[in-house]
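Note that subunit A is present in both complexes that follow, paired respectively with subunit B and with subunit C.
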Partner chain A sequence: MEKASHLSVIVDLSPTQWHLSAQADNQYPLSIQTFLSQLLAFLNAHIASQHENTLAVFGALPGKSVMLYSSTEVLADDAAAPDANSYPPFKAVDSTVVQRMMYEFDAFKDVEEEAPCALVGALAKALCYINRITHPSTSPGGAAEDPSILPDPRILILSVSPDLSSSYIPIMNSIFSAQKLKVTIDVCKIYGPDTVFLQQAAHLTNGSYIYLERRDALLQYLIMSFLSPPAIRKVLAVPKQDKIDFRAACFCHKNIVDVGFVCSVCLSIFCQPVPVCSTCRTKFPIKTLQRLNASRPSLAPTSSRNTLPLANLNNATPRPTPPRNVNGGTPGLR
Partner chain B sequence: MPPRQQDSIFMDVDSDSDVSILGDGDGDYSRTKGKGKGKATDKRKKDKGKAKAKDQAYTWEASYTRSWDTVQEDEAGSLQGAVEDWMARGRRRRLLAPAAAIRRTIIRHLILLLDLSASMMDRDMRPTRFDLSLQYAREFITEWFDQNPLGQIGVVGMRAGIGERIGEMSGNPQDVLKSIADRHKLEPTGEPSLQNAIEMARSSMSHLPTHSSREILVIFGSLTTCDPGNIHDTLDACVKNKIRISVVALAAEMKICRELCDKTGGQFGVAMNEGHFKDILFESVPPPAQRAVSRAAGPGTANPAADLMMMGFPTRLPDTSPPSLCVCHSEMKSEGFLCPRCMAKVCDVPTDCDICGLMIVSSPHLARSYHHLFPVKPYQAVSSLEDMPDPATGCHACARIFPTTPSTAAATEGMSPLGRYRCTDCHNDFCTDCDVFVHDVIHCCPGCGK
Partner chain C sequence: MPSVQSPQAVDPPASHSNPHALLPFLRSQSQNTLTRLYQRPSSCLSIYRLLGPLERQLVMNLLWLESAIPVNTMAVWVVPEGKKLYDDALAVMTGLHILQNSTVKLALNPTFKSSLRQAITGGGSTGSFGVPAEKDDKRQPGGIEVLDAYALERWETILHYMVSSGQGQLPTKPSQGVLYLLQRSELMKANHGATLQITSSGFQFLLHSPHDQLWDLLLQYLHMAEERQMDLVEVLSFLFMLSTMELGREYSTDPLSETQKVLLEDLRDYGLVWQRKASSKRFSPTRLATTLTSLSPSLPTSSSTGGSRVGATTSAIGVAASTAQQGFIVLETNYRVYAYTDNPLQTAVLNLFITMKYRFPNLVVGMLTRESVRKALANGISAEQIISYLSTHAHPQMRKNNPLLPVTVQDQIRLWELERNRLKSAEGYLYRDFASQADYMYVLEYAKQLDVVLWENGAKRCFFGSLEGHANVRGFIERRTGGG
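Right after this comes the complex of A and B.
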């Protein structure tokens, strides 16, 4: 391993979800304190693997996203007292991350309804940061990087919240830009239902998506699946999700469709031919509607299609599928 | 011959230049600096006469442009100023583009017309015009399919007075690239014939549905065309079939090329150097704006360009599934996609199912075109910090520290002397790199998350 590796961690810090996760009536409750201690151990492990490894930590809070730590910046309020009992780089990471998190938590206002978690903003920031360190422009004060040791960047998303339908388009755009920058996106789903958007993100960027069965063994999952850089993954295989649902949901009823009717102007998907597109209000010619109604395949009862058509060949025990209507209206895909 | 006022037409050729054509040297220098990008020397013998048209009648009477003066080093010896100026031009170009979402045709069919005549073996572009065109065509095809996954490209060549069909219209980028990969089959000879090639392209697109856009992109390197009939008849037929013709000329402007583009609504450009050639070629990558439909038939009539298409969404078979034959190549494979209507296995999407003819796409392909429909608003350049009580010290996206003193480089329009650019929705500041990155690659503002 000569090449350095860069890791950007995005931590989902939605208060309601963490509160629910820590409830004792869960099968394996995980409170945010336990989670943080295991996360810091993982971050230290990444820094310890190689001296040139770089790290950045972003927090996704309701309504905004912040950068909690970055190995290239020296944050002003970093004055950690030198402690003889701890290794200084580890202490720097630990104290900075915890201090910034405490600061953000204290800044919470008491609002009626919690704003949705800004995961997509944090993802965009992580991509901008990776773009900055992998393509350094001639900026004043920027150190010239040796182009032969460019870091192999990856992003790890630790998510507890369900899918947000309004973030479908920004997440897809971020996935395509990650493909262009050759960034691998890994997802660890700690609590909450399966997020299909993040499954797609992991699949399209050759990352791994893990849904935690045993939440108390979080550190073991992190080190086994997410510590190895992409170059090593050819040798040390990480568990991946093979069965990705690429089918789309229709805009009108939010059903999953196999064969849909797509408006050519705005690309909205319908489960049956409609005379007027509901999104862009374009009228469609009558001849097309007649032709499509005649040629529409008589589908088998759709209930049989909604269950998983292929056995999940990787996992031995099938995971209980969460109720499918938890997610709100999602344009294009659940 | 009387002095022709051709210079004014000639200067309109470079459609992507934003600098006003002034009669002094400064406008000239800064323009070539914007185009140069490394290849700043103009290899043409005759002067393009950009700056001096108002003073002299003939372009050769003007003094030649000293393009090496355009790239200025600052006192530390770095070219940062030149690079930033180039990025400022890019920003200005984007600001001129409409900020609101305009209707674009997402389903596109493009025929790439390559000039394979003897004039393409000219060495004014290294190594030859032909080699460079092939290389840029490959890059163009890759980028085009990246931005337009629901489109199809066909390739036609103009050689020895006839049009040759080099590649069938296909939605698979590998097939298109394979058709132009064999350089020896495409060896240029003879004279080009614009009419024959355009007729061949037009007839192969005549059966396509109206809601898709039909385009022809011509890379033309010669100054003549040998046509069997009246090319204006072909032009009228193209206008009637709603085909948009764009031309990238490598030699000089020809009136017939200019007319082809103007009458059909395409873009015309003459390449000055290699970098400029690539720029003009890549201008055709984003989907074109839909032309306004005349409302003569009264309100309530359907827009002829809009249509409802039936598409299938496949199931992906993982590597561990049992191997079976695919219908496109008859190869034994494990992985593939299942057509939802006839359950046939195809290798790659998007494609048309070979058995039942259904268009198969996966939802990320549809999502890739959404950013054209919902673009990010351009950021405002911050010129001063007076009306801000508490400015952020670093860029909101990448945490790069902003310079505290305004830079001494001349503040051209659209550039912020402090290096700050503000989003109008979330009022966060971003640095130059992030501004370019957000608007060109991510299409999503990190502050608002839209």
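Right after this comes the complex of A and C.
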């Protein structure tokens, strides 16, 4: 028999970005209301596919992340009156998600300044949640289960905010955890510029990153690309990015760098030559530093994107490696 | 030698899983019937769930499109290796009239499309998910435990009746309707006189999972309903409605049609529906009913997936309470079987292929012996069925072993089966008394070309040919003797 699948959806709920997205001067304005109704249809479609499918919804709000719905959690406010015209589980999802979202939005009414969106927090929560349901033996009372009936976990990130360069390290760490848990991360960029980090997340976990061009067709995009579990993707192909921006953010200023300097011991990335690695405290020879400083592009680094590779702090001989190749995994982050 | 198969290898990959037993039945219905069935959102949702995973994805892909799309556009999404699976999926959908029959454009059946959309978005006024009963202040609705106990009791009565009929003792009889159904489906046969005797397909039936057993009986019921002139659409849509209902909630019988009220009574006998009294105006579906369209094996071993809320409703249609939801059988390399159960039904089923040694309040000990297995084989149970029953009900302690069951025991059971197949009979003719070796060789050569020789013996100058080849061989010999 086929396996059930688990889907965790992370919804980026940045009020500013959604406000911008709903502006009429966009080519396809998309307000959060329309978005929500299409999202709910998508969530229902996931539950409809199989009786055993599980679902969790996380919201990334400014400064905090919350769980909006999970199918394993017993609803406290189970007041939803049964209705002869709708399937009870669908109704439960719809009302819970909308209720909690409204509650969170109301709590933000008085806040003057908007903190950046806690996407990483939501991602980490989703991963913890998946870890819990796939390894029930570690949770109290859970029995050892047959591995063949464990759900096939996926995470779908619906993003509207731009990259937050300070979250580079936690995002990369989340990606590694996802790889370890064999979780596929799919990303749908609904509004705003491409995000480098999420592109990498999708690429590294074998998921797909889709930039939503026709925003009026959101639901169709969601269903055709993100509804199918990995087994089906072997038959019905799902679009993947052919070009992925592999740039990393430096550890010192959290800038996204085209040319970085890598510690030869721990592989930390810096945007400028440093005498001592801030991560592993390795000291670098003065001579190397001088040479690196001399070879450093002094002006706008973006223009030199294709000329200089990442230099190694100990051995400054520049090797002609293409810049897209800043090593897919970026290992060694701690 | 039979090859050793690990139990894991039995699981087919997702895309090749067998279609649901109901689908062929639906396919045999007319387009008109199906379209009427598709008018109800709950039926669409249930049928959608019975489809294979690839078909489901295709339905979803097409669901929100307003216009038909060219076949080529959809085919672009298919990876070359998956072409065959994709074509099969389309054929299944066309057969069910979910997909409109066209070679250039792909579009869903408009009725199906609008109903499934309605199921997913909610709304409408079809009331197809069951009208909940008004809250009754005087009496509390029966809890989930009551429902489970009821369903279990009903179902086990049926199975127990079947199992013990083979041993000449008759426990509580299920109702007339059930007996008739068992007889119709040839799971039991009237044996000179009134007593019903279990048949070989009945023995096989006992070893199936509760989910499969249930659908076996329901399919028979549907065939019977056709003959009884019941409206199939109403029967099916009631079953589908039950499958989408919530466990532990009470529903009103008022909106049901006359046919459906008759159906309700029958289903009460099978344990799918619970009612306080036969005349009650409300009913509650039991776990047997609410798991009808879940594709997961409803075996006791596969309890809920991590205690999820959705999972909780799908967990085993327990053959017994929580203890039995885990497996209960320990099989050792010395052919001993320890079954931790106090359930008479499970004991009776085990008794089909095990020689019982001791019985304790919570434990039955027995041996798999040549005699006991051969008895089961004589009853029509196959070795594979015994092995799969043992592995699906294996005790959690056994699950640490790989392979699950001791290989020696598995092989021995298969060998015992092969033993029975040593003698093969075939009808045919023996050709002998050939005048010369040359004659014999000549005719034999001819018969071999026709591929009709079953046995030959050159020293005795005779061979045995099959029935089909006789006319030709005989003609050949006559021509030769006549001509020579």
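Basically, the second predicted complex is superposed on the first by the 237 of 334 C-alpha atoms of A that agree within 3 Å, B and C clash if a C-alpha of one lies under 4 Å from a C-alpha of the other, contacts with A are read in each partner's own complex, and residues count from 1 in each chain.
The rule is short, and it goes like this: contacts are C-beta pairs under 8 Å (C-beta built on N, C-alpha and C of every residue); 3 or more make two chains touch, one makes a residue touch a chain.
Quick caveat, the model's predicted, so the values are computed rather than measured.
Within the superposed three-chain model, A:Asn206 lies out of touch with both subunit B and subunit C [touch as defined at top].
In the superposition on chain A, contact of A:Ala118 is made with subunit B only, not with subunit C. By the touch criterion defined above, A:Gln50 lies against subunit C but remains apart from subunit B after alignment on the C-alpha atoms of chain A. In the superposed model, A:Thr34 makes contact with neither subunit B nor subunit C. Measured by the number of subunit A residues touched, the leading partner among subunit B and subunit C is B. Contacts of A:Pro229 after superposition on the shared chain: subunit C is touched, whereas subunit B is not. In the overlay built on the shared chain, the residue A:Phe90 is in contact with subunit C alone; subunit B does not reach it.
In the superposed pair of complexes, A:Cys266 makes contact with subunit B only, with no contact to subunit C. By the touch criterion defined above, A:Glu73 lies against subunit B and subunit C together after alignment on the C-alpha atoms of chain A. For the contact definition in use here, the residues of subunit A common to its subunit B contact set and its subunit C contact set are 73, 141.
Here subunit A touches subunit C in the complex through residues 1-4, 41, 44-45, 47-54, 71-75, 82-91, 94, 133, 136, 141-146, 148-151, 219-220, 223-224, 227-229, 231-232, 234-237, going by the rule given at the top. By the touch criterion given at the top, residues 78-80, 83, 103, 105-107, 211-212, 290, 300-321, 340-341, 358, 362-364, 366-371, 373-374, 394-401, 403, 433-434, 437-438, 441-450 of subunit B touch subunit A in their complex. Residues 65, 67, 70, 73, 118, 120-121, 124-125, 127-129, 131-132, 135, 137-141, 167-170, 172-177, 180-181, 200, 204, 242-244, 246-248, 257-267, 269-270, 273-274, 277, 282-286, 288-289, 292, 295-297, 309-310, 313-314, 332-333 of subunit A are the ones that touch subunit B when the two sit in their complex.
Subunit C meets subunit A in the complex at residues 8, 11, 13-15, 17, 41-42, 45, 48-49, 53-54, 56-58, 60-61, 63-65, 77-79, 81-82, 85-86, 118-132, 244-246, 249, 255, 291, 293-297, 301-303, 305-311, 313-314, 326, 396, 399.
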